[in-house]
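Chain lettering (A, B, C and D) follows the sequence in which the chains are written, and residue indices restart at 1 in each chain.
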Amino acid sequence: MQPETAGVISLSPLGRATDLYHLVLAAPQIAKETGPGQFVMVRCTDEQALDPLLLRPLNVFRFHPAEGRIEIIFRVVGRGTAWLAERRPGDYLSLLGPLGRGFSSLEKYRRILLFAGGTGMPALFSLVEQETKTDSSLSSSVGKSIMGSSAGESTGSPMGNTMDGPNREFTLFYGARTKDELVFLDLWQAAGVTVHPATDDGSAGFHGTVTGAAARFLPGEFDFYCACGPRPMLRTVQEMMAKYGIPGELCLEEAMACGIGACLGCVCETVHGYRRVCSDGPVFPAEEVKFS
Amino acid sequence: MTAALSLETKVGRVTLKNPVLVASGTFGFAREYEKLFPVSALGGVMVTGVTLEPRAGNPPPRLVETPAGLLNSIGLQNPGVHWFIKEELPRLRDLGTEIIVNISGFSLEEYGRLAEILDREPGLAALEVNISCPNVKKGGMTFGVHPESAAAVTRLVRQGTSLPVWVKLSPNVTDIVEIAQAVVDAGADALSLINTLSGIAIDPDKRRPVLGNVFGGLSGPAVKPVALRMIWQVYQEVPVPLVGMGGITNYRDALEFIMAGATAVAVGTGLFLDPLSPLKIIEGLQGFLAKHQEETITNLIGAAHNREESIDEEKRE
Amino acid sequence: MTAALSLETKVGRVTLKNPVLVASGTFGFAREYEKLFPVSALGGVMVTGVTLEPRAGNPPPRLVETPAGLLNSIGLQNPGVHWFIKEELPRLRDLGTEIIVNISGFSLEEYGRLAEILDREPGLAALEVNISCPNVKKGGMTFGVHPESAAAVTRLVRQGTSLPVWVKLSPNVTDIVEIAQAVVDAGADALSLINTLSGIAIDPDKRRPVLGNVFGGLSGPAVKPVALRMIWQVYQEVPVPLVGMGGITNYRDALEFIMAGATAVAVGTGLFLDPLSPLKIIEGLQGFLAKHQEETITNLIGAAHNREESIDEEKRE
Amino acid sequence: MQPETAGVISLSPLGRATDLYHLVLAAPQIAKETGPGQFVMVRCTDEQALDPLLLRPLNVFRFHPAEGRIEIIFRVVGRGTAWLAERRPGDYLSLLGPLGRGFSSLEKYRRILLFAGGTGMPALFSLVEQETKTDSSLSSSVGKSIMGSSAGESTGSPMGNTMDGPNREFTLFYGARTKDELVFLDLWQAAGVTVHPATDDGSAGFHGTVTGAAARFLPGEFDFYCACGPRPMLRTVQEMMAKYGIPGELCLEEAMACGIGACLGCVCETVHGYRRVCSDGPVFPAEEVKFS
């Protein structure tokens, strides 16, 4: 964890109808240290400007320690991300990272359920890529945005990925507002993950929420789950999985100031009392998180 | 340049190697920032507010960004003074910088007890008394907004300890000078100012306040003009060392505070923009002294009050 | 949408076609902005502060930009009430919007005289009483920071006129509710808040305050959290219409004020970022009503106080 | 005077060692209405950002009503101008203008002295270009920055310009910190103006101030003068010219908020009391201005 000035290698909008962007950064130190589910804080303001004031937390989508690069997917939702979307290759960004406690190792589990909502996807992908890591050929899609490849159908090898030894099986329920926002499905497929898309508008996959999409596959034979997405989704996932007795981890979001655990500003409620999302999390054991 | 430039400054009895501290509540107990830079480079660390009993703090959300500012409602989450002494203080003592312990009470007695408990601990430079707390026994009125209650807290802390007592003033008052005078009369060795301005934010989509606690404290660059004004006013009327804070993000901000009358300054919210900003401010001050052939930073304290000494417009022509 | 959306709002007896006014001192006597947009589109114009005698104002520099804020020390430069009535008012009457005259005095008597003089003039919607002026006879203490003097000013103005009296509160106080209650008890029909926060800026190169007058008033987005907090507090305790201002630059800011309890809002510093911002805010409010199928803006006044009615988190899942 | 969204046609740094920039904007409405000595207010902030808050006043260097363009020269001195210097062709800027009362007509005068200090030059050039206006061939240097052409010497036709009828004669004393900051000398020469440069460091022309440079030519046979530059320069010019009884006009600067005369924030002291620099000025009869 340290401040690092990162060079913008590429920044591309993800498709026509989305406000999603794919950012590739040269940040050797951070790339070397990042683990799945960790994030960085990014200053989204001109050098001397004081508004917006705070750094923005963004999950690391992919990290490439050998190449010294990290990738981020972000949605433009306000002033900071709008500023970020206007950077160009060759620009520099002030980063702080890698931050937070990411996902636990999945070693012990065989059949793993993943729930991704919108920009919750990147954190989960970093996990899967780590857990299925093979040769570095995968990382060749850096800076290339490929989307929607057969987004209408569940895809992937039905028995889970094969690169990960015979035993590991990932099933992803990936929800978005609309088909165009289901991004990088090819990467998920290449990682051998069975993907079940869901869209709010029914333009691809299940017409409805990721939990709706998952319902018909449950309880199934799942050992563990990981979820990242908007709070209401996480709450529903937590309830549903608790009902089936499947343990898991949730990756949370909360407004942040310091990003490193000093200010106590980003707490969430847990069974152990308030915990800092930035440093005790953002990933927490699902059963510990209390949604009020 | 012949003589060495000196950033050393004295807040009453406390000598600081340089005038740049970090503000209470923004630096925790130095555990986290310690991983980012050598804390020993700082003039001092004002640790997060400590209370007699452990406190869970306020319900989230606790933070909301505002234009050039930050509203927080942490609610003094802390492990209590006993845990602090056992688990945090030993490490803090060894940081190689001055440790100032910020204390908060919810009754007069709590302040007195905290002072006594901490008085027994070696290795502390000073107590910083946060009087922006509600007096639970008196209907939740904040101690710091009336001269009588502010003085009463100060007096009790003064009696409880032989450590230097720095009282941290609330800016949410009609007359900051009146409060400053009252706490100095009650025995304060120095004053810290300002604490946060009371504020709120509304989420128009959800039609409710953003913060779980509704009210929060405003800090950051947005409040700098108010902080400077209060430093200016107190410096003119009350002869006591001032530690200035409120929106400092670079060395020029620090100079504004020093020239308005601050003997030292603290960086709070500025850490969140750039965790290394305190170090950059120290460097910047050094550079300023060199450039203007000033030998010591203490020469600049209150310099802006001295109209004769002000530097005339750039003399081009 | 079937029913027409209504932005109409009532500040006591004064009906405004929409809740967006422009703040005193930032819009002059409407001469300049009139050239940029149809002033009749506004809910009302609060004209620049008028005093009994003409005033030259403070020495320059009078402006300094601060982080997301503006410090000004205009010092009430104005041609005096008689000139105002003769040279400005006839034109203002014909603008097709409500005219609120901001009055300032340097003694109690001046306020009373101003009220009487303006009472005779047709075409005024209300008097806005700026109580953030120094009482010259009482050592320069500002009227607005003590309940007694604030009430005394209000009472005299109330006696002097049958026009609606809006009292404009100073935020530089310990307890805004106490002041609000005092002026309402003294006869105020509505309250405007907030006036500017007292602040300063130092030029570190010149080693002196930037403003010719040293002290200035802080306005703009930086102060918005403080303004909202005061609206929130007064709305909860004092049943009187509020006109909210302080850092409004877009319709979402305006909604924050309205949901915190404001019956109408005013744009001041926001004009300097974008002279057309009041019109854009009116449009934005209209759009918000349409989107949320609210028929009238008045339904939203104070909405954030009503926890049951708050809109729950985006219901995605 | 109105708000206008202006397109950036070109933005070029003026030379190696300077922090001066030359900006050409498409702003048809403003170009049509601008007169010499007027200025525009420019928003120097990302769309939703609130810091820096206020628009920045910048003089119009050249205006081309037919082409719908205006040109600006600015120096990077702080956050706003730093932001401006990073714009690129195709970007849009929010402008308000044209603003202020510019220079009076010089019709009545034959021998005119000009004093320009640093970024005071553009306002004076707009005046000279207007007063010497010929065919539009001059405006061909739009977007081209030519500097320092024989900056070491006084230049121009000794008897003043010829394009302006036989009678008009302009003599410019142009001061800058260093040779590289004496920009667009070619344009001045093309306009037939006799240019006497002065530099603080002696790298070109007179080693010293513009008033120092002018002293040896005074009182001379001058009818009128116009000056624009830093306050201390204006004060010295005013004193010197008062001594010789030569009338003139001064173009002032003051921090501004509204830019249109409404807020009374930008006043300067004059013999008539405080006057608004943005709307009563920025150009004032020299004898009316009081420097405290």
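One rule holds for everything that comes next: contacts are C-beta pairs under 8 Å (C-beta built on N, C-alpha and C of every residue); 3 or more make two chains touch, one makes a residue touch a chain.
This is a predicted model, so every value here is computed, not measured.
The minimum number of touch steps linking chain B to chain D comes to 1. Both chain B and chain C are touched by A, D.
The geometric centre of chain A is 54 Å away from that of chain D, both derived from CA atoms.
Inter-chain spacing, taken between the CA centroids of chain A and chain B, is 38 Å.
With centres taken as mean Cα positions, chain C sits 46 Å from chain A. Residue numbers of chain D whose C-beta contacts span two or more other chains: 50-52. Shown for chain B are the residues that touch two or more other chains, namely 67-69, 220-221, 313. If each chain is drawn as a node and touching chains are joined, the picture has every node linked to every other. On chain C, the positions that touch chain B within their shared complex are 66-69, 71, 145-146, 172-175, 197-202, 204-209, 214-216, 218, 220-226, 228-229, 232, 247, 252, 255-256, 259-260, 288, 300, 303-304, 306-307, 309-313.
The touching residues of chain A, when paired with chain C in their complex, are 50-51, 117, 175, 200, 209-211, 230-233, 235-236. On the chain C side of its complex with chain D, the touching residues are 25-28, 31-33, 35-36, 48, 56-57, 59-65, 67-70, 72, 74, 77, 220-221, 249, 269, 271-276. Interface residues of chain C, counted against chain A in their complex, comprise 67-68, 221, 313-317.
By the touch criterion stated above, chain D contacts chain C in their complex at residues 1-3, 43, 50-55, 94, 96, 254-269, 273-274, 279, 292.
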